[in-house]
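Labels A, B, C and D are assigned to the chains in the order they are written; within every chain, residues are numbered from 1.
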Amino acid sequence: MKIVKLPKENLAKFVSSLSSFGQIHAPVKRGEKSLAFGPVSDFAQIQLNYTRTILPLKKYFFKPIDTMFNFSAEKGYELPMEEPEQRNVFFGVHPCDIHGLKILDLVFSGRYVDNYYFARRNNAAIIGLDCIPDEFCFCRSTGTDFVDSGFDLFLSDIDESYLVRVGTSLGDDMVKATESLFRDIEKQDREKYKGKSIEKRESFQIQIQLQDLPGIMDLEYDSPIWEELGQDCLSCGTCSMVCPTCYCYAVFDELDLDASSGRRMRRWDSCLFKDYALVAGGHNFRAERSSRVKNRFFHKQRGFVSQYGRPSCVGCGRCKAYCPAGIDIVEVINKLRSEIRV
Amino acid sequence: MHKSIVIDHLCRVEGHGGITVRIKDGKVADVNMDIFEGPRFFEPLVVGRSYDEVAPILMRICAICSASHTVASLMAVESALGIEVSTQTRLLRELLVQGGNIESHALHLFCLSIPDFLGYPSAIALASDHLQEVKMGLELKKLGNTIQEAIGGRAIHSMNAVVGGFGRPPTREALLDLKGQLTKGLEQSLAAVDLVSGLEIPDFCTSPNIYAALSSDGSGYSLFGDRIALSTGDTKDIKMYKEICNERVVAHSHAKQSLFKGKPFAVGALARIALNGEKLSGQAKKAKDKLGLSSLSENMLDNNAAQAVEMVYSIERSLDIIDELLREGIKQEEPVEVRIRAGAGVGAVEAPRGTLYHSYSFDKAGRLTEADVITPTAQNLANIEKDLRISVENLIDESRESLGPKLEMVVRAYDPCISCAVHLVEVNLDEKRISKKESRRIT
Amino acid sequence: MGKPKVGIYGLTGCAGDQLAILNCEDELLDIAGALDIKSFPMAMSGGDENCPLDIVFVDGAVVQPKDEELLKRLRERATLLVAIGTCAVWGGLPAMKSEIAREELKRKVYGRAGKIFDTTAPQHLSRFVKVDLSISGCPIEKEQLLQSVASLLHGDLPRLPNYAVCTECKMAEYPCVLLEKGQLCLGPITVAGCKARCPSYGQPCIGCRGPVEEANVSSEVRVLKEKGFTWFDIQNRLRTFAAPADCFEDKIFKEGANA
Amino acid sequence: MSNHRNATSLENPYLPNPARIIRTLPQIPDHQLFQIRFEKEEIAESFRHKPGQFVMLSVVGTGEAPFSISSSPTRPGNIELCVRRIGHVTDALFKLPPNALVGIRGPYGNGFPVEKMEGNSLLLIAGGLGMAPLRSLLWYALDNRAKFKNVTLMYGAKNPDDMLFKYELLNLIDRADVKCLLTIDKKDESEIWKAHVGVVTTLFDHVEIDPNDTYAAICGPEIMFKFVLDKLLQRNFPKDRILMSLERNMQCGVGKCGHCMVGYKYTCLDGPIFTYWDAINLPEMI
């Protein structure tokens, strides 16, 4: 992989130059303490030292609410006129979120390809940025604290400069476009990078064992933990909305007042919702809230492993940070494990 | 005056009301404006609530003037707790109230009154012959809602206006957008004035009225003020509002009635124009002159004309407010921090239908101990009965069928919160003139 | 298919939901064109008060015998009864609870003269009659209203959100007012549909749309207590808009008080 | 950038194809057989499915729902869906005028593993609406009769008026190449019912089955599953020779929306036909 160096004083210039590759989106302030990815016009808006945004990047590719196509009584179902997707450059994406996108790429591809997702995804450039974990992060445990693909450029802080890994030819074009801003890396840069890497590894406040979790989940299928969690969970859906790898959606038709034309829509759904596994006639395959909470954990940590060979949790800590009921994925996993030990 | 009356009051009367008229031996015996709306006991129910919960609850007394309730309530809370809000907040609140005024007046004029004068049962029926006029009315109404939504967060029951300020003040872009719409609306409001000037106003309910309205120290016409001015020449500080609104419970109504020195009085657009009309300027002043509202009107049916004038005023004033906000630069400021303390305070606003008072006391934990809300319609009820009586006397020879609608017209002119403004007239005439003592009650 | 015959009525409330219909200024004439509005006392005279109706929209709560009579008569006349607004769906503010008994309230407001008025414990419509569709909100959201009218015209019932305000709040990526500002927010147990209006202005959800199905009230109470709110304040907020709802019944309240 | 640059050129798997309801055949109360034909002739002609597969049917303005294809792939051209009226979409479907425009996409799901089943005997066990998918398999087997050993159908309904495809199936009773066992739960005095009486499981007394060269396909209400499984397991049926069709909430049909997930399988992609072995290994499957 091509690796170059960007002195920090050149960052603003470089980021501004990216606008020729598309609309720049980066983490900006949202409220007093929160952050969100949003369009930026001024480098000063960008929060470089952020930990997490409320929503992951999935909101751009797999929108919270989206029109799929139109319908009318006479013409049936029709795709709207295709507008060329805007080109976007996402600056400052953390490794866990890049992994999250890679997982969504898997889900939305396969035998049936979700064009809505990929039309936008294919017009997105990803510029990653390294980060320091906080008390919610556990991406080291999920193996998602580093990335080697899924970005066009990836910036790692090495004090006075950023070490820049070039992941794609588009990334290379971006570097080329402002070549004078970049420098070659030297020996001490490599050493710094390695040092920083160790520093990051050691700064994790949470460590959990996940490799053998699928088996443990099977063993603990009937654990009383699920019942306890079912009592706490509010079914508010927050965890699914903020999760970079929750991809469930519900489909509904929206009618115009003429009562004959309208749109088929989809919106983010959550397996924590009462209606999620409800079928016509009123049978609910997960009528108990506890079975729904269990499903979320099972799908992430057990089912996804069987399907795709890896858990779908990327350790971003969002569900833990934003759950109003304080349900903590790490604590749940630890509890499941310690029950085994007894 | 009934000394035994308790201090707490029922507030909202909009909804289900009626009129009962009894004529005995060719003479008017009883004229009652009845209110059957189910009581909601807002004031005692809100006792014990924390200071920040009061406005969200009490604004829901009324949907159509919720902006006025919101602002009056917040002002009362702030006055009780000694909170000084910023100039920006004051301007935004006024803008909110002006939005409410535009919406309410447009609704009343185009959906309720004009169809009345032109002999249609509803705006929808009116639209079949006068589509352009109805569309214009709806656009004006929408303009009022757009303002309330942009400033208050929602057209009905604002949630953005809170104690100490606003959750999130509107952006500069939002204000510029409003300005564009208001500029267009001004033209339409002038067209509305033309429309109203063409209406023939009957004079069967003409009689001298006492008018009351808030009076501000400033030079311009305003919907705010610290003093209450009456056409009798009396003035009071708003804190003394009870001296004007002596409320009494009447047997035929779920609403209480107000009397000033034992006499009924009127509040609302016509009262405001009567008392503060000279302060109007710009297009509103021209509109007032055009509609012949220069002298003190004795005909409550002129209230529709007054509303048309005020619609022009509210739009012009909104434009001024926006200009001032833009000039100063709109700040994304947080609401003023609240220091909880015990206290009492009154907030008063000229709502579309007249002066609205909210008066609260709080204990030292910031919990409400007492609330009193006097709505304009409650103040107008006695005057409505007076006008009804005059009308019946003037029209005593008319048949029940032609009398009924005219009496409805009188009630509706007061715009007493829409739902009770319409069709709940029970006309009980003398047995000699009607074989059976029948009554007509719709709803 | 002819135009459906429609009635729009109000019981006891602020009439905000009928007003919300009138507030669809851009669509009002289309709505009026698509429906055969037989009666809408708030906005038109001379309605037909006896004809059978295909759909009746009712706002407001039942707080007096008169309301109950009207409601039952409307139910008899109409094929579909649609409750509009939180008052109609959950009792709303007319059913707001406090420690004070209703008779006492009446005495406080009207003095001894209060004796002459008949009132009953305020309840939502479904306590008296079958409700075919509930559109909650204080007031209802225009979008949901239009969506519902479209579906009804199409011959279906609309599918309204059956999840919490939190979900919509997160979808729109508003900062959580509960976690970030420590406000007493009912978003987790309030039914969505307002696009999280209050949090969008940095304000807590006060539950104006009523509870979501299967609202986990005890967990919400626990969460709020952990955030430092007193039971007094939590209780007040819970029983503002939907006091008669089953999930706020006494048992939960006793639990909440003790928890 | 990601490596899926060309994905947009693929067609949209969510977009229904226009189709028309060319005929509706009422079956029993609230159940109808819909004969549907794609508007585009090339699709109508080229459409092929496996027994047990389903389509997503859209009613314009109401929504979409999954339905098993009831017709056999051996009789292409029209698709037949046997639908029970139970909710939004089905209700709207029943209200449609003749020749109405609907949307169809599919076929989806794995279907019955007919290649594997060939050369074996077939035991089809249906209850209620479960006959809908099994009818496809039944006619597939009868139209390819030489490829199978014994073909047996056991179908139970509450009473004769509740039996789907009643006349079609009654006609099979006299056929020699298929053993068609029909039963009703209880017989009314007034009824002229010549076939069996009793729950489906009682039909096991009338057949000889060699579990090692037979595939059993079960489709019906949950409680029926339980009793039928007991019978099959008593006869030492291998767990991977018992096939069952499962129902789940489906919003997309193509393995994206998540709703039909059981354990680590998608009912829409990996099912709806599962072996009993799959079922006991997937949490919450049955």
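The working rule: contacts are C-beta pairs under 8 Å (C-beta built on N, C-alpha and C of every residue); 3 or more make two chains touch, one makes a residue touch a chain.
Since we're looking at a predicted model, the values are computed, not measured.
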item: Chain whose Cα mean lies nearest the overall Cα mean; value: C
item: Most distant chain from chain C by Cα centroid; value: D
item: Pair sharing more residue contacts (C-beta pairs) when A-C is set against A-D; value: A-D
item: Centre-to-centre distance between chain C and chain A (centres being mean Cα positions), rounded to whole Å; value: 37
item: Intercentroid distance (Cα basis), chain D paired with chain B, Å; value: 65
item: Mean-CA-position distance for chain D and chain A (Å); value: 38
item: Chain centre separation in whole Å, for chain C relative to chain B (CA means); value: 25
item: Contacts with two or more other chains, residues of chain A listed in rising order; value: 252, 255, 259-260, 262
item: Chain B residues counted as touching two or more neighbouring chains; value: none
item: Interface hub residues of chain D, defined as touching at least two other chains; value: 61-63
item: Chain pairs that touch, as defined at the top of this document; value: A-C, A-D, B-C, C-D
item: Chain C-touching residues of chain A, taken from the complex the two chains share; value: 30-34, 36, 53-55, 59, 64-65, 231-238, 241-242, 252, 254-260, 262, 267-268, 270, 273-275, 289, 322, 324-326
item: Chain A contact footprint on chain D (complex, rising order); value: 1-5, 7-8, 10, 12-16, 18, 39, 58, 60-65, 86-87, 90, 101, 103, 247-249, 251-252, 254-259, 261-264, 269, 283-284
item: Chain C-touching residues of chain D, taken from the complex the two chains share; value: 61-63, 88, 91-92, 95
item: Residues of chain C touching chain B in the complex; value: 9-20, 22-23, 25-26, 28-29, 32, 37, 40-47, 49, 60-64, 66-67, 70, 93-94, 96, 98-100, 102, 104-114, 116-117, 119, 122, 138-139, 197-198, 200-203, 206, 208, 233, 236-237, 240
item: Touching residues on chain B, where the partner in the complex is chain C; value: 4-6, 8-10, 12, 14-16, 36-45, 47-50, 53, 56-57, 60-64, 66, 107, 111-112, 121-125, 127, 131, 134-135, 138-139, 141-142, 145, 153-157, 159-160, 162, 166-168, 249, 251, 254, 256, 408, 417-419, 422-423, 442-443
